[in-house]
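Before anything else, here is the set of structures, which you'll find just below.
Each of the next two complexes has subunit A plus one more chain, namely subunit B in the first and subunit C in the second.
The block that comes next holds the complex of A and B.
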């Protein structure tokens, strides 16, 4: 059983397919069932609206006792997401709980797009811009969404 | 001056300390056992014929009516210690779980179930709907794996193996993040 896929991952994957989260698409890789290709739609009303953001999600060996590793593949202008797509989100770090799931993690990331938190920044320059000139920052985020996250 | 006062301090602090430490140290359990002279009560629990006595004497009787058959399986020493501490003060006991709560007495578990959702024990159908929020297995599969359901002191239910791993790694409840140790985990004999 050592190399087998834990039943929890199988169950989660099945449920993700059967009852997908609106605006979120997570498909396991054909070669590696612990690796998911994720697409998150930019939330309405946010500067990421109409954007389509690709992410990668990996379930480590210790999952669900340790958090999944998630990263944005699509470039995004957001104070809590850095240049290489790493995400600053408490539930992915010290606030992880084994009762959280792929589904809840992706929902939290979607919520993070709606509510950027420049007071807990990962991309310092972006956070600075967000605090000093929010309108301009939001505008840049819109531009980046059009440039890098165009659904077409 | 400073030397003198240090010396004083040492004298003062040294004499009471060992006593305090000894008192607190290993004696917790024995203190509990000694002060709880509740022989009658635990005898009540294990014997059907005396059940009526316990019913008339305490609040805890209802749980027993429901536990019914499993009573015979329960080890008597656990009943004694669990019961002894709970006979008089049920509710405060739940609140002070973190202190020194050792015996996860089955009696208390049933009380807790009883006080709120009695259906947990009363209706076997209801147990089928319970699943562990960590491994996502339902009650049936958990039983098939020879595991029991466990409850935390904050009232959240998991399978034995998941809550043990979670507490070991995170020392917190996976649902509400309340700090937990294994002492706060109670086996549910469902």
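The block that comes next holds the complex of A and C.
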């Protein structure tokens, strides 16, 4: 990159390494400092508990004026996350603010795992199941967590 | 019919007929040419015509002037800056009187509601000569920190690149403060003071103009391809506009093709449905139908409408899919759709089929009228060249043959309305009103076909007969519109 890495990205990366967020691990790629390998632990008390979820996070050219691009790499049964791992989260779209950071984005994603929002769905079939039979949906989410997000 | 009428030919060229004809003229010529409006000032037509609508076609500069005048009124009445006046007007769909009233009564409430000022101001404590900008995380001198009315401070460079990205993404009037969860809007004078690139300043001014026009209920861009015209009307209603520059005819309210008697929401639903299903619908309706008894797919390969299923040997009518026996010796009447009365008890599969069947019924008729309209266009061309020929051979003067053109125009207009009755009927709930609608639709359909027949055979049809038929068809059309066009 011609201008090198913006000071803001350097600062954010430093702070992520020095004071990591509990339950979240974000490491910049060796080749590309705008690409982060992220691991989020399933929050306690949620159907994703004990699961380990891999995500990719990319800071586009316009960052922080545009939102980072984030995607789940691990399969997950969640009404706001679709088959290919895209996330329906307002701050990643129209509610993005340049004052938000990688840290705050990942915290929001962690919170989304604790509190799924089937009224604003991305995966329609999952959201439908969540609304009609929540117990069964939670059960499926647990099964998927065991199947695809096993920490071992 | 036309033979009988021929006997009284000479009577029909009298003065009374001519004046009747002149009356008709205003009626349907206005349909394609709005310029005739000033000719019928003293006639009561405006209130009688359910399609009547007053509008102006403006150029970009006229609209800029008009919007500036609106802004100026608010500025001088409330002693506020133009940039603020624009924000307030845009936020309230240019309801000037409403904004003036609210601003006089309780300005701070109006400003909060319009996202000009925050509910509570951010009390950022800035001690010392410099502070950290929350976006670039750099230490910045206080003199280079700027905020909107909310008090969220960021450095000039960050504001600049933020505005650049927003404008490149097409956002102009909706640019909010950079702080998280703050929805205070950026006034244009702030933006112009911060934005460094001249090309983006131009882009902002162009895009924001588009936004202003879009948010103004009395203005609408002509939807014609590359047409620069902006239409201005007193109020935003689902009425017919004809652009004199590109000749596009459209609905003022929604900007789609004109669609009376169907309303804006319904035509949008219908057109989307047709776009989604058109390929399937086209193929299925053009080539095949399912046997009403055993549902095997049948291709029609002959002209006869009496079909016999090769699988279950069931005899049925190709047009209405009813039992052929019921058609008896009388010819079938297939213009209205008959729903299966027992459909609620049928399987999901059968219901889906019924839904498709119902849609195809209306789609076929809609499509058929659209095709006929195109053919009618050719008829019009033929008539024009025939008139030319006749005048050149001194068979009457040009003015003598005008009634033929009028008839062709009227036919187009009636068929157009007829086409748009089908989406209306498709979405109509089954009720007495639907029965009345379908009755009037069938009446209009019959008269349009009569008129079409006579226009195609204009030379052997007597003028009086043709004009009589025009009158009947137009009356049927107006009756239907008066009863069913929501005004």
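Everything that follows uses one rule, which is that the second predicted complex is superposed on the first by the 149 of 152 C-alpha atoms of A that agree within 3 Å, B and C clash if a C-alpha of one lies under 4 Å from a C-alpha of the other, contacts with A are read in each partner's own complex, and residues count from 1 in each chain.
In this text, a residue touches a chain if its C-beta (ideal position, glycine included) is under 8 Å from a C-beta of that chain, and two chains touch if they have at least 3 such contacts.
The shown structure was predicted, so the numbers you read here are calculated from the model rather than taken from an experiment.
Engineer: Return first, second, both or neither, reflecting whether A:8 touches subunit B, subunit C, both chains, or no partner chain.
Structural biologist: both
Engineer: Check whether A:65 is in contact with subunit B, with subunit C, with both or with neither, and answer first, second, both or neither.
Structural biologist: both
Engineer: Should A:99 be classified as contacting the first partner (subunit B), the second (subunit C), both, or neither?
Structural biologist: Both partners, subunit B and subunit C.
Engineer: Across the two complexes, find the residues of subunit A that touch subunit B and also touch subunit C.
Structural biologist: Residues common to the subunit A contacts of subunit C and of subunit B are 6-8, 11-12, 64-65, 95, 97-99, listed in rising order.
Engineer: Considering only the defined contacts, which subunit A positions touch subunit B in the complex?
Structural biologist: 6-8, 11-12, 64-65, 95-99
Engineer: Can you list the subunit A residues touching subunit C in their complex?
Structural biologist: The contact residues of subunit A facing subunit C are 6-8, 11-12, 62, 64-66, 91, 95, 97-100, 104.
Engineer: List the residues on subunit B that touch subunit A in their complex, please.
Structural biologist: Result: residues 133-137, 162, 165-166, 169-170, 172, 174-175, 177 of subunit B touch subunit A.
Engineer: Would you tell me which residues of subunit C are touching subunit A in their complex?
Structural biologist: 134-138, 152, 154, 158, 161-162, 164-166, 178-182
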